[in-house]
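Remarks on the structure that follows.
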Amino acid sequence: MLKVAVLGAGRIGQIHAANVAANARAELIVVADPVEAAASSTALKLNCEYSTDPYEAIGRSDIDAVVIGTPTDTHVPLTLAALAVGKAVLCEKPLDLDQSKANAAIVEIEKSGKPFMLAFNRRFDPSASEIKRAIEAGEVGDVRQVVITSRDPSPPPADYIQRSGGIFRDMLIHDFDMARWLLGEDPVEVFAVGNCLVDANISSLGDFDTTMVILRTASGKQCHINTCRHASYGHDQRIEVFGSAGMLQNGHIRPHTVHRFTDGTTDAQAPLLHFFLERYKQAYELELDAFLRSVESGTDMPVNANDGRKALALAEAALRSIETRAGVAVD
Amino acid sequence: MLKVAVLGAGRIGQIHAANVAANARAELIVVADPVEAAASSTALKLNCEYSTDPYEAIGRSDIDAVVIGTPTDTHVPLTLAALAVGKAVLCEKPLDLDQSKANAAIVEIEKSGKPFMLAFNRRFDPSASEIKRAIEAGEVGDVRQVVITSRDPSPPPADYIQRSGGIFRDMLIHDFDMARWLLGEDPVEVFAVGNCLVDANISSLGDFDTTMVILRTASGKQCHINTCRHASYGHDQRIEVFGSAGMLQNGHIRPHTVHRFTDGTTDAQAPLLHFFLERYKQAYELELDAFLRSVESGTDMPVNANDGRKALALAEAALRSIETRAGVAVD
Amino acid sequence: MLKVAVLGAGRIGQIHAANVAANARAELIVVADPVEAAASSTALKLNCEYSTDPYEAIGRSDIDAVVIGTPTDTHVPLTLAALAVGKAVLCEKPLDLDQSKANAAIVEIEKSGKPFMLAFNRRFDPSASEIKRAIEAGEVGDVRQVVITSRDPSPPPADYIQRSGGIFRDMLIHDFDMARWLLGEDPVEVFAVGNCLVDANISSLGDFDTTMVILRTASGKQCHINTCRHASYGHDQRIEVFGSAGMLQNGHIRPHTVHRFTDGTTDAQAPLLHFFLERYKQAYELELDAFLRSVESGTDMPVNANDGRKALALAEAALRSIETRAGVAVD
Amino acid sequence: MLKVAVLGAGRIGQIHAANVAANARAELIVVADPVEAAASSTALKLNCEYSTDPYEAIGRSDIDAVVIGTPTDTHVPLTLAALAVGKAVLCEKPLDLDQSKANAAIVEIEKSGKPFMLAFNRRFDPSASEIKRAIEAGEVGDVRQVVITSRDPSPPPADYIQRSGGIFRDMLIHDFDMARWLLGEDPVEVFAVGNCLVDANISSLGDFDTTMVILRTASGKQCHINTCRHASYGHDQRIEVFGSAGMLQNGHIRPHTVHRFTDGTTDAQAPLLHFFLERYKQAYELELDAFLRSVESGTDMPVNANDGRKALALAEAALRSIETRAGVAVD
């Protein structure tokens, strides 16, 4: 069993820590967070040690792997510190909001030659991975179009938006990664529109809450992404892959499967799972498991640092497209 | 083209007349109904002759086939009169509410050797006939269980119920025919329960509004039928066939396909089509076409008089089962 | 009852003629087509007169309304001839493939002050009109995004494509009209990508077979359209309207509703209706009825010549967007 | 936190032990199983003690509650031993296959006055409990009919069937409990048919593999249950509740939500979850949590010993109905 330290005991750190504790391949050794109350309560619940110093946790000789769920600006230094002492790293996305800092870090990460995985959790959603598997098995022939719908149940608070890097770097980054993965080819051109239809305050922060994007690859494959910071019916997460031999779509996830027939309506179902932590609960578990399997077996990580760089480059291109009202080439 | 007389210009007669007029195999020559206003207005609309004497219409030498949509007590005499002068007959079910009269008529019908079809329209519903086709093609292997749900949107008026012969002869007669057809084997035992949960007045008429039935065939196939005279969400008509290699089900029919996602509900659809004439519109058209094709080609009718007798025998057995609280054997 | 002449007895003319014959508001007087065999066989089947001269049919004093289903290049002269003698006109889209000719005709049409309707049949699909009704009733609040999927079952022959004016004028013209109608606001900017992923020959004709478009309105509403000339699973026609209070989607249309459960798959359904004439059968009937009702009542036509002009302008803008790889403003 | 002993480290015992370990209300202290390897490996994995003597575990003074997942013939003695020393007990169903022994035990259990819950896990399936909640909230008005479909993916081995008590006591016992719970009223009459359509060997063991049942309550509510030991498409578990104001149904559970559209089929989904441990994974977790909450709060158990007795009585009545081919009254 791999011995694991989880860095960060906030919302996402707690998820990772609980998943490590429940995973048969791993033993949760320590949870580290400068906020002692957070670290200690998580440790108490999961029956492990805690630390207020992430670097101390990284440095322990009994640790094989580190899961990083700390604030974004600490991702790069913690990652590099862990790789430097030979730990395998699973790091939350993004590496850094600044593309040049992220790129510099990627060079360091690749130079280290140590196992590093970036946490694009949505790839591990059971329906997403089944769609990927079916594409690779040729079930829909040649992919022609990918359509991604990604709507959040409600916008985050203003201070989150301010620190987020904007909707393209914060929210669509997942969709850009999904697009690349499902297209099986890197987009060469991006066109984007963005508006504020949910909350005018978001506009005053220089950001958008409603966007549509088109991506095009060199061979002519097309991808559309539509997003919104608010959907009254829950967290709407859809993928459609259309190819020469058919189409694949995922379905919705709800808290139960009850269908209602009344005198005004039929087959009505419950609202979609509201929050990404619920919607992607299984994806987080499977993401961790995929990371641990790669560490165990020494095989390539399913998502690497370069995937982060590419998704960020699409976000940057989308922003330039909005400024220029034109398609923007991506190298 | 076959020259056709339609007898009866009431609700069902008008449906048949319009379908004859629109069918490329047939020419609508005359509509006959003792109620002159009904006959003449239908004829005007469909651009054909009319008569107030059904027997006159039957006797016309230019008529090849007769469609009978008159009140139940005239079905037998009109049928026998038409067969006697060599016309093909499509007759609304039931032949007669009295089983011995119906049986006597069937003997005459079969003796005539002329084309006769009983109008079990539901067999011609596109989903029902696709399910039958799939069974016969072996797509679900050996049939084990059939489950039929048959709920009306609202109960008929008391005077209709009084003349109806009761829920088993009036409403379940369709389901018994469907059961025999899908099982591919005649039931040998019937068990039924009946209650009045919709309207206590129906009980005072000696009838039921809510029933459950089990049928069993000699080889052990099982069929369940559940019915109710009232369903708040529309005319609920479901068929399920479960076999050794799989299951077939039909879906619901609605006026449109819109799905609604709001803040309290997702994927909600419209109420089911409310009335049997809307729900089985296509079935009535296809039923007529199947009749005309059999007349044209001289092949066996898809539903014959004996099918009517067998369905009625199951209704009688169900009534005796309720009286005896026991399974009732069917010959 | 309105007395109607149908011009054109080809594929679409026959549809219109049969619908006129079956419509209770109308009497089909004459079908006109220079191809005598087509005109006469349609007339024989529908029990009306025929003519080989559309202008003769237009000129008859007993005709109230004219339905034009002839080749595109005759739409304008026949329309203007009919309006000139006071007939109401329902004309197949497009008025003309050339935008300036179409615009000139629209001026004449509007000057005539006579009832004119352009046949954007999809607006009359029961699900599309229910979605429009629900939007106007405020069921989804303020519209934010519209997503239209429009995939044909298989590409038309090369000679059709050559005469078609290209995928944007021929196929997306319907989707542009749907977008305008559902957005409730005219787009001010268009971005489009087009590729040939189905058939390289289409590329050699200077056309595309696979496209993605984004439209944006002045108030920031967004619309995405994706189209393809080929979908292996049938004629895929989807509409999604996402608003501040919810989402509306239409469902698929199939020949029957059977669901199959086997050992490898569950809930599998039949391929979608393959051809637009089947898929939009009801829409053609309802379109005609809406036209006849407007003629009868003297109210505004549900689709007018200007709607045709606006949709064509979006098609032109999409073509320029592909050339310039930039958003194109629409006046 | 409640300190819990789990008795039995077989298939179901391991499920309970893992759920106790993961539950925030409980601490897993010890797993007891006479098969030392089973006990020790489970304990190792879940980081708790183990014992080869269930009675020793029961007797420990640091234990508050006992979860019994041992072979059926030990349920009664272990339950009574635990209650005798004041432990709360969650016991797998059935208490005993013999109705008189079960009844005698129930008297003892009730006399003890200690918290006892029988593990009818299906009540805790999120869709089942939502249906129950909606019934109680009056969302479908007065319940008229309940329809339960319960088909296993494949029959158990012959030696399991021999020890099982037969399909009614082993498999339908769950459906009888569900029926009572959803009807909200005890059935007063049972009619059943049983056949062997899956495997003739089951017949030679005096058992059935395919059954249909009708239950009727004193107020005339009706319930149908259909079951089969084999369904090629997975573990088919459906509930339908039809009332005066509408209908509730649960949906299927699959490993992912992918829908496939190919050239022969549309909207096809994956086979249903195959095994009851997967299908009811969440139900087992929620069942345990409901038990622990009742222990904590001292409120009535959601399922008690009497519920077990009533379900068993329906199974006995169904068997007599098959023998007598008649309805059998239940006291």
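As written, the chain order gives the labels A, B, C and D, with residue 1 at the start of each chain.
One rule holds in what follows: contacts are C-beta pairs under 8 Å (C-beta built on N, C-alpha and C of every residue); 3 or more make two chains touch, one makes a residue touch a chain.
Since we're looking at a predicted model, the values are computed, not measured.
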item	value
Neighbouring chains shared between chain A and chain B, ordered by label	C, D
Co-neighbours of chain C and chain A - touch as defined	B, D
Selected pair, greater C-beta contact count between B-D and C-D	B-D
Chain copies touching (chain B, chain C) - same or different residues, decided at half shared	same
Longest centre-to-centre distance from chain C, chain (CA-based)	D
Whole-Å gap between the CA centroids of chain B and chain D	42
Cα-centroid distance, chain C relative to chain D, in whole angstrom	57
Touching two or more other chains - residue numbers and ranges from chain A	232-233, 236, 245-247, 252, 260-263, 269-270
Chain contact topology (line, ring, star, complete or other)	complete
Chain D contact footprint on chain B (complex, rising order)	141-142, 144-145, 147, 149, 151, 189, 191, 193, 195-198, 210-212, 214, 216, 220-222, 224, 226, 228, 230-233, 236, 242, 244-247, 324-327
Chain C to chain B touching residues, read off their complex	22, 24, 45, 47, 126-127, 129-131, 134, 139-140, 245-253, 255-263, 269-270
Partner chain C, residues of chain D touching it in the complex	232-234, 236, 252, 254, 260-272
